[in-house]
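Take a look at the structures listed below.
Here come two complexes built around chain A, the first alongside chain B, the second alongside chain C.
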Partner chain A sequence: MIHLLAAEWYRLWKRKLIWAMVLALPLAAFASATYYQGANASVSPDLPQYAVVGNFPVLAIAEMIYFFDLLLIALVATIWTEEIRSGQLRMVLLRISDFHRIWWAKIGVLLGTVLLLLLLYLGCSYVAGYFLLPHTEQFPLFYRAGQVGVWEGMWYNLQYYGIAYLTLVSFAGFLILMGSICRTVTGALGAGMSFLLFSFMYPYVAGYFIPLIGEEVYQKIFFSSLPMIQWEGIVHLLSDHSTGAGWMVGILLLYPLLFGLPAMLLLSRKDQWY
Partner chain B sequence: MDRILEVKGITKKVRGRYLLQEVTFDVFLGEICGLLGPNGAGKTTLIRLLTGLIRPTAGSIRVMGADVQRERGQALRQMGAIVENPVFFPYMSGRQNLINLALLDPHLTEAKRQSRVEEVLEVVGLAGRADDKVGTYSLGMKQRLGIAQALLGDPKVIILDEPANGLDPIGMRQLREIILKLNQEAGITFLISSHLLDEIQRICTQLVVLNEGKVVWQGATKELAREGELEEAFVELVSR
Partner chain C sequence: MLSIMRSEWLRMWARKKTKVLLGLYLGLLLFVCLFLWGMGVACYNPEHDILLNSLRTSTFLFRELYIFLAFVFVPLLAIDTFNGEYRSGALRMVLIRPLDRWRILTAKLLLLGILLFVLIMLTMVVGIGLGLLLMPKVTETTFYQTEVFDLVGAWGYILQYYLLGLLILLVVSGVAMLVSLLMPNGVFAYLGVVGFLVGGLYFSSRMDFLLGASDAIFRQLAPDPEANFIGLSLCFVIISVTLSFLIWQRRDFTA
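Up next is the complex of A and B:
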């Protein structure tokens, strides 16, 4: 298995796409810090929206998490769809005794890469914040009473990035199924984008029906959407009075189970290569 | 004689249609066996079965005694193959493609991996172009790289699916020379599928003729091609 992982990893990092992603992250972090530098002029320093070194990583990822969704779509389309459909994977399959392994190796490399990119972005956002944003010893956090220090803030940031990573893992479940089914890279990209678009839209549509369905059901519909969990759910989960945590964790687990398992069965079926 | 490949009663049925029926033949050590048949005869299906990419509906395939389905790892260690056309990762060089595939071999250490890659590149005459991206390779070079990857694990048998397809006369000649050299000097057994009779006649010592999923003839090439008339004999066989 370790050999298969090494080969998958070697192949992925020979692609220009992954290096373009790596190079884009520091640029994105500095662009975001520059934006917040200007935005700070119209925000009170008492608000969590006021960007300082300590809270900037969270503000930066909140803006950029959809960019990571797009990175994930691109990665799955290349690692899965392109390799399977072009026949490139055949020479690899001729060397492995169990087709399930290729599935796990691809998952491992995909999720490992996303984690690495996320950590790189966290590091870049600290560096960008250090050079461009105010340095304060205390700063406020969203939906939390009082202020936190640098270390407590860093722990909060790590938790935020950890949950953001879990939402990406969950999204990967759906994408992997699409990446295995779609016959073309364009199809896989389209399926991923359509899923994102649909997940953005249906909570808004559901908003029109609040008088009929009630606020509680609406909240459940709203937080059944992965982009909505990314947008608002993570700060709710990390707030002093976390609400809907069980529901959101359930949703995060549901996506990989609902979509990831059929994808594994599909990819490991031998006659898939017929 | 040592039996390298043992194909026994192989049947493949897909959506109610038989692609192969009761295919049985053996390939022995040191042979270059041609798998001959018109388009749609089931040659590629058989090669996919031989390499364990798909499961047979019935029958068994053994490579040096190891069952391809049940002892896949052991069977694959003895075998190198190109199934359909050799598709490589175009964004990597020839050398990087080989290193990537060599990484999958648990028996190769880092040092051995490097030396084995250089060795097979030399054998197929691609050492000079090894650092070029595979996307820039001609079909003939890709076929040679395909043979290089098949050689990585030091196999006893190499299975090639229509290797001469689309090659120009020079490419065909280079490929033929490599196959003959590997067979004569390294003792590697070959099973080569093709519908190019002339090519098959030039290099294969044994033939298995497939038509509509069934073996219609097997034996020595010279027996079928009496007085050099392989084409006529072949047409007669597949028209029955």
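Up next is the complex of A and C:
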């Protein structure tokens, strides 16, 4: 199994695509830091939106999480669809007996790569913040009373990145299904992007029906959408009085179960030797 | 030329994706119609809400549908015709025939342009019909900061609006074509197009018409234009088409 994992890992990391992503991360972090440098001028230093070294990683990922969604779509399209379609998968299948092992190796590589990219981005945003943003001893956090120091803030950042990672894992569940069904890379990309746009749209539409369905149901609908959890849910989960934590965790589990499981069943039963 | 276009047309519809995309678009169109009908309000931009009436409704269909068109429909169609065919080998079969290469690219371009034109006009006509049939009847109306229009004037405004919308979509498809000729990998090409649409904003705020197309068109069509993207868009179209022809002519597709 470890060899299989290594083989998948090498096959992914010898692509130009992944290196382009790695190179894009520092650029994105520095672009974002420059943006916040300008935005700081119109924000009071007492607000959590005011970017300092300690809280910049959170602000940076909050803006760039959709960029990571895109990277994930691209990665799944590459690891799944392209390998199935280009026939590379057959080469791998020649060597092993059990299809499920490839499946899990691929998942391991995908999740490992995404984790690595996220951590890299965390590091880059600290570096970018260190050079471009003000240094303060204490800073406030979203929906939290009081201020925190640098180390406590770092723990908060890590938690934030952890939950962001979980949302990406959840999104990957859907993408893997699409990546296995779609016959071309563009199809997989389109399906992923459509899902993302749809997830943006329906909470917005549901907003018009609040008088009809009530605030509580609306909140549930709102936080059933992954991009909305990424946008607002994570700070809610980490706030002093976190509400709807159970619901969001349930949603994060639901997506992989609802889509990932059928994907595995479907792909492992399909004849890859046609 | 016509038979080359016919061949391109047939291959375009042979891909199931094209049908799925068109179906999705029509479904969304219907949904947006129902949505606007149910709500009765829309907005020019985040600051300006207005009530819908029988004459001004049409413009808001494009407003709601633009993101899908720019981020999914147009890039996928363009990448499939230029990049997908190259990757799958279908292009070689086409190039076997004793045809000038530029004719094939012209056919592809024209076809994409015509398809977008038809789609945009269809959206416009559906919007006008929706307004006349289901929205509160009025005899005259205004648009974003314009004077009062009667029926014919309003249709003229709507036509201008949709033609500008078409221009923006042509920018997107031109860039998608260029990117997909430069990058043989479909994933790269798609990320490149999305990067162009979003990243342009980081270079200059004049590029905001790519993300908020409808807002920009309303500002452009105001009597005192607050935005001007027509020149910039034409530049983009001309540059991307010229470069695409150069690349297309020189590339060794048979290697």
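Note that the second predicted complex is superposed on the first by the 271 of 274 C-alpha atoms of A that agree within 3 Å, B and C clash if a C-alpha of one lies under 4 Å from a C-alpha of the other, contacts with A are read in each partner's own complex, and residues count from 1 in each chain.
The definition used in the following text is that a contact is a pair of C-beta atoms (placed from the backbone, for glycine too) under 8 Å apart; a residue touches a chain by one contact, two chains touch by 3 or more.
None of these values were measured; they are calculated from a predicted model.
Undergrad: With the two complexes overlaid on their shared chain, look at chain A and say whether chain B and chain C clash or fit.
TA: fit
Undergrad: Determine, under the contact definition given at the top, whether A:145 touches first (chain B), second (chain C), both, or neither.
TA: neither
Undergrad: Looking at A:212, would you say it contacts chain B, chain C, both, or neither? Reply first, second, both or neither.
TA: Touch partners of A:212: none, neither chain B nor chain C.
Undergrad: Could you say whether A:6 touches chain B, chain C, both of them, or neither, answering first, second, both or neither?
TA: Touch status of A:6: first partner only.
Undergrad: Classify the contacts of A:95 with the two partner chains as first (chain B alone), second (chain C alone), both, or neither.
TA: First partner only.
Undergrad: For A:187 in the superposed arrangement: first (chain B), second (chain C), both or neither?
TA: After superposition on chain A, A:187 lies in contact with chain C alone.
Undergrad: Just checking: does A:41 make contact with chain B only, chain C only, both, or neither of them? Give me first, second, both or neither.
TA: neither
Undergrad: Please give the least Cα distance, whole angstrom, that chain B and chain C reach in the superposed model.
TA: Least C-alpha distance after superposition: 8 Å.
Undergrad: Report, in rising order, the residues of chain A that make contact with chain B in one complex and with chain C in the other.
TA: Shared contact residues on chain A: 16.
Undergrad: Considering the complex alone, what residue numbers of chain B touch chain A?
TA: 14, 48, 51-55, 72-73, 76, 81, 83-89, 91-92, 96, 99-101, 103-106, 149, 153
Undergrad: For chain A, which residues count as touching chain B in their complex?
TA: 3-4, 6-7, 10-11, 14-16, 86-88, 90-98, 270-271, 273-274
Undergrad: In the complex, go through chain A and note every residue touching chain C.
TA: 16-17, 20, 31, 70, 74, 77-78, 82, 183-187, 189-190, 193-194, 197, 205, 208
Undergrad: List the residues on chain C that touch chain A in their complex, please.
TA: 16-17, 21, 24, 35, 39, 67-68, 71-72, 76, 79-80, 83-84, 88, 185-188, 190-191, 194, 202
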